[in-house]
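The structures come next, written out as structure tokens.
Both complexes below contain chain A, partnered by chain B and then by chain C.
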Partner chain A sequence: MKNLLAAFTGKKVGRVFLAPTVVILLLLTIFPFLFSISLTFGRVSLTGGLGIHFAGIRNWIRLFQDDRFGNAMRNTLFMAIVTVTVQYLLGLGLAMLLNNEKIKGRGIFRVLFLLPMMLSPIAVGYMWRMMFGTLNGPINGILIRLGFAPVEWITNTRIAIYSVILTDIWQWTPFMFLILFAGLQTIPKGLIEAAQADGASSWQQFRHVIFPLLAPATVAAVLLRLLEAFKIIDIIYILTGGGPGMKTESMTLFGYSKGLGTFDLAYGSTIAFSLFITVMVVSIILLLGLREVQEIRLE
Partner chain B sequence: MFKKGFFRLLVVAAVILTVTGLSGEVFAQRFKGVTIRVFTQTPPYIAKPVMIHKADWEKETGGKVELITAPFAELYTKMYSSFALKAKAYDIVIYCSGWLGDFASNNFLLSLDDFIKKDTRIDWTDVLTVYRERVAAWGPTVFGIPLDGDSHMCYYRKDAIENTEYQKRFAEKYGYSLTPPRTWEQYRDIAEFFHGWDWDGDGRIEYGAVEFMRKGGQSSWLFFSRAAAYVSIPGQHGLFFNPDTMDALVDSPGHVKALKDWIEILKFGYPGMIGFDSGEVRTIYHLGETCLGIDWGDIGVLSDTGPESKVRGKVGYTILPGATSVWDYRKAKWIGFPIENAAPYLAFGGWVGSVDVNSPNKEAAYDFLSYLSSPDISYIDVTTPETGFNPYRKSHFAKLDRWYKFGFVNPAAYLGAIESTIAHPNVQVDLRIPGTAEYMEALETEITKALAGEKTAEKAMADVAKEWNRITEKLGKDKQKKYFRESLGMPVW
Partner chain C sequence: MRTISIIITYILLIAWTIFVLSPIYWTVTTSFKGEADVYLGPKFFPWIDFKPTLWAWRKMLTIERDMILRPLINSVIIATISSLFAMVFGSMAAYGLTRFQYKFAFWRNQDILVWIVSQRMMPPIVTVLALFIMLKVVNLIDTRPGMILTYTAFNLPLAVWMMRNFLIHLPRSTEEAAMVDGASSMQTLFQIVIPMILPGLAATYLICFIFAWNEFLFALFLTFNKSQTIPLLIAAQHFQRGPQWWDISALAVIAITPVVIIALFLQRYLVKGLIPLGR
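Let's turn to the complex of A and B:
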């Protein structure tokens, strides 16, 4: 009996019970991941079934020689940094505002602020494409009535990227707001009251009490948004298609058009992995930086 | 005796009635229990005819039609993966005929020759020759059933171009008469003349032209519509590749000239048209915002039948403009043409339906395609709003009654322009070889940079040629040459 019980509680049995989960996990995540890595060193032929031929580092050489890669990487970095920074500042501002109990109707505002986030990015893309219409869009309609010249929001090579950024900010600032607002709610009121009793100004309360205590929420919000911002495709696909020229093409759109638009799966995988490496590096740098901020806070 | 005879007669009558009744029933239910999956573009355009007619076909045959759709940008990918991986996800695919070569050369499609021979409903010879023998076929074998006739044509506002006051002013400014454009230079001049002022007296400023230029918005077809006249000497194939060497020809001075023309038309175009796809072009044109436009037959349909159209009866139609100087790639020099060289382009070539070679329901799938393409059914489709199907049968051009009912003010002029395009001796068929999607993606990437001012036309086209040659090498130059020559109906060495 004892032996039987031991058999059911031993490490071996535990492994047996874990095995299906591990196998499924391997099949669904690790295998596709490894397969994609192998594709970056291959040449894929879909004719007559899936044929993969070893091609060495040819795809990687091609990637670094491709002007479009450099352009897409620059666009992606620029859009990700600007959107996340602005979203953070706006989200923090809104969270601070609605955290103030003196403001009436906070519940309604909270719901209203969250609405853009609930829409599909494709719908948001179409909505803003209509809003940005050069002669028939409402934004230019207002500008024209005010006596200004219409702006080519999504077709001017200098402006289009900012229109994409604006759209992304509109949609995803609520996400920042939501996490930062939740973070603010966890800060003990006693700490702020103590700071007030010590004569701390509003700025000093924010700088020395609220902001450091908000660091965990900041880390989570910024990191999650940054990861998403690097992968942006849907809004751009609808709004500008990556144009005019290649002025708004992101890494994901570039990878999509090569990998699934023309079935160059090996090159598409190489593009995807270059983005993966970039995101990993940026995330590690960010986490290290934010860890330092947290350590300062703890001191 | 009478009783016996009567009884025999009764038995014979009963047998005849039973057999005929049964056979009718059997015929009517010949695909009972069979479900065919039809894959095409998201409705309304292209999927609508399937939606309209499936119930009647189901009633007639007992079969079922399951319609599966996806946005245009995803069609090729989904079809190709289903074929290549033998997933049998779809029995019928309705797709851009330009992909037929890609699919047929990889043995993805069912040969339809035997089906067509036995088919009494399809009236195959009623289908215009270019669609029957070139668009729907690969080599001598038919792999597709044409469902749509597609070619680009030029639209102009009759109330502008036929206005005597404007004709006088135009002649003074440009030194020749204002008529529908016969060359791309004239097209440019007309666009410039009618750009930026209220020439139709509606209190709003109008613009010269509207064209679709957005990457992924079908712009590669418009580029070739413009380039064809500059590089297609009758009897030569100067539009895509040199059929002898398979070297890309897209960096020729003729192609560069076409791109330069296109960049210049931006100055006289509807603001923001660099980001337009074909749908936006149609909307703008039928709202009366521009004088000129290039499109498939859809502007014509929308202008006369669209409920919001402001140009009903005011639109004229003509084949694509030509060129008086044409680049001869064999002699590497410009050749002068006393009368312009027109080279209308069967951009896209129309939608065709094909059957997956691995489909378990080949007979039913062919039967449904045959039903859709049959003269009476297809006549309904080409004269119904939002089907996206344009005429491709002789009978479509011959019967005008439904065109009038459709809302056309002058269907004969509209159909005449389409027929002149399709039947033109120098008509150019779209590229139809493996890798077409990759070639076109490379082209669109570079021309969109040139249109946005990121590159010169020369540099952009040189880069396209470089990329096309790389793709050709990757796919196998000899194989590609063989396919290209086959697609042109040329002997293969």
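Let's turn to the complex of A and C:
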């Protein structure tokens, strides 16, 4: 049958289907990617036409001497790890709660639970900036009515990063929920009933039946979310602008403020590239670690 | 015991629903507040502790109309067209990858697929500075075609991945039967394959649309003025007018309305499209 298909279409025709995607990606992702590698070893001047000059590893030396780099990298890693962990736990919890046929209105809950991840992060940033308002925000309003002191959610140097984290959790827990809920629904009911018949407690059912079967969905959800978490900018841009001080500045925001804020495109590319390398390293470590875990389980 | 656990489940589900809805509720109500209702402490309920006013909305439709209209039109044009391109090219590539055996040097179909999808994982900040220079050189910076191209490329990996998941589950026997009956490959494609993957195409289009509609970073670098999109217009507000939360809320409501409509009424399609991401 494969031959028949080939006979009708010919080998070359097949390439026509792939061509637009490959051309667009080569032109608008691969070329700029290579271009930005070369920029990290260059100096760009935009006055009087475009000029790019070779500058050796000056940008990279500058990066490693820049305190702002260490700060942004720490913030990004901290936010990524905390948000993804909490989102995973909450997403799993919600998926488990909703995966109970005795609950009425599951459809409505699901629609509402997925809503935040579809909204513009810029709008979400403003929504939470209002929620976190020190004097006129509803959260402090309720705290005051309950007799607590108002909290400086986005201006306190210690608290601001947790406000960003809370906002990110609000927006992206739905993504974890979506994938884990779908994963839960693929687990055959018979398996859980068999475990129940063997007298397994709820925890044992979860630990020995549900959790292992959910592993592929877990890996996909955590990895995809982590890759996205490293790119965070929009929520921070609106909620805190990277402040107070630079307590909530992420790598992408740092790259933006150097690259476009001060028009230092070469240094901006260097910052961006260091983020890219970090993302690659983290993903590779995670994937290798996972492979090891799976091998141990197989043994 | 059973009843108690059901009640606890409901309580937790409703608590999360309240958490999800409260910022949205707050934004919608704030867009109907006057200056005093925003600045004299938090006011929670319309008609109870504040009197709703159409002030901000009326302003949006009169004085502010020209300021909003252009980014709104830009967003609509850029998002609808770029998602169409991403959907068409993405499903073409996905069709190719599931129906033909490619071989470029040592690259087979699986390698090509991984290469395409991995583009999505790259942080956009890595390419955007170079894109800025490239678009400037070809005079496409701050133009709708430039943004349409950028968003097409941005959404393509996801579109290919989603459409591949639909096409791979499509039984090949139907197509082959049509061909045996003498249908040409183009007839098979348009009369058999496309009608069967319409839900997939719809899901892919909607997801790409949402991403393009909400996208911020590329727009931040690649537009300044005449092709600014809605997220950029809103992002600029707190620099331009300070904390005029009633106006900002109205704008935020405008920005989220199309997506909320999609989410509430077309979610069946979206979920079908997104779930293969988990496999």
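The working rule: the second predicted complex is superposed on the first by the 266 of 299 C-alpha atoms of A that agree within 3 Å, B and C clash if a C-alpha of one lies under 4 Å from a C-alpha of the other, contacts with A are read in each partner's own complex, and residues count from 1 in each chain.
Operating definition for what follows: a contact is a pair of C-beta atoms (placed from the backbone, for glycine too) under 8 Å apart; a residue touches a chain by one contact, two chains touch by 3 or more.
Note that the coordinates shown come from a computational prediction; the quantities given were computed from them, not determined experimentally.
Q: Is A:L135 touching the first partner chain B, the second partner chain C, both, or neither of them?
A: The answer is both, since A:L135 touches chain B and chain C.
Q: Return first, second, both or neither, reflecting whether A:R68 touches chain B, chain C, both chains, or no partner chain.
A: first
Q: Classify the contacts of A:I154 with the two partner chains as first (chain B alone), second (chain C alone), both, or neither.
A: first
Q: Tell me which partner A:G242 touches in the superposition: chain B (first), chain C (second), both or neither.
A: first
Q: By the touch definition at the top of the document, which applies to A:G91: first (chain B), second (chain C), both, or neither?
A: So A:G91 meets neither chain B nor chain C here.
Q: Check the residue A:G261 against both partner chains and state whether it touches chain B (first), chain C (second), both, or neither.
A: In the superposition, A:G261 touches chain B alone.
Q: Per the contact definition in the header, classify A:L25: touching chain B only (first), chain C only (second), both, or neither.
A: Second partner only.
Q: More chain A residues touched by chain B or by chain C?
A: C
Q: Check chain A for residues that touch chain B in one structure and chain C in the other, and list them.
A: Correct list for chain A: 50, 133, 135, 260.
Q: In the complex formed with chain A, which residues of chain C make contact?
A: By the definition above, chain C touches chain A via 6, 9-10, 12-13, 16-17, 19-24, 26-27, 30, 38-42, 44, 89-90, 92-93, 95-97, 99-102, 112, 116, 119, 121-134, 136-137, 149-150, 152-153, 156-157, 160, 172, 175-176, 179-180, 184-185, 210, 213-214, 216-217, 220-221, 230-231, 234-235, 237-238, 245, 248-249, 252, 255-256, 259-260, 262-264, 267, 270-271, 274-275, 277-279.
Q: Along chain B, where are the residues that touch chain A in the complex?
A: Within the complex, chain B touches chain A at residues 73, 77, 80-81, 84-86, 106-107, 214-217, 270-275, 289, 434-435, 437-438, 441, 445, 448-449, 451-454, 474.
Q: Sort out for me which residues of chain A touch chain B in the complex.
A: Residues 43, 46-50, 68, 133-135, 150, 152, 154-155, 157, 240-247, 257-258, 260-264.
Q: Flag every residue of chain A that touches chain C in the complex, lowest number first.
A: 1-2, 4-6, 8-9, 11, 13-18, 20-22, 24-25, 27-33, 35-36, 39, 44, 50, 93-94, 97-98, 100, 102-103, 109-116, 118-124, 126-128, 130-131, 133, 135-138, 140-142, 170, 178-180, 182-183, 216-217, 220-221, 224, 227, 230-231, 233-234, 237-238, 251-252, 255-256, 259-260, 265, 268-269, 271-273, 275-276, 279, 283
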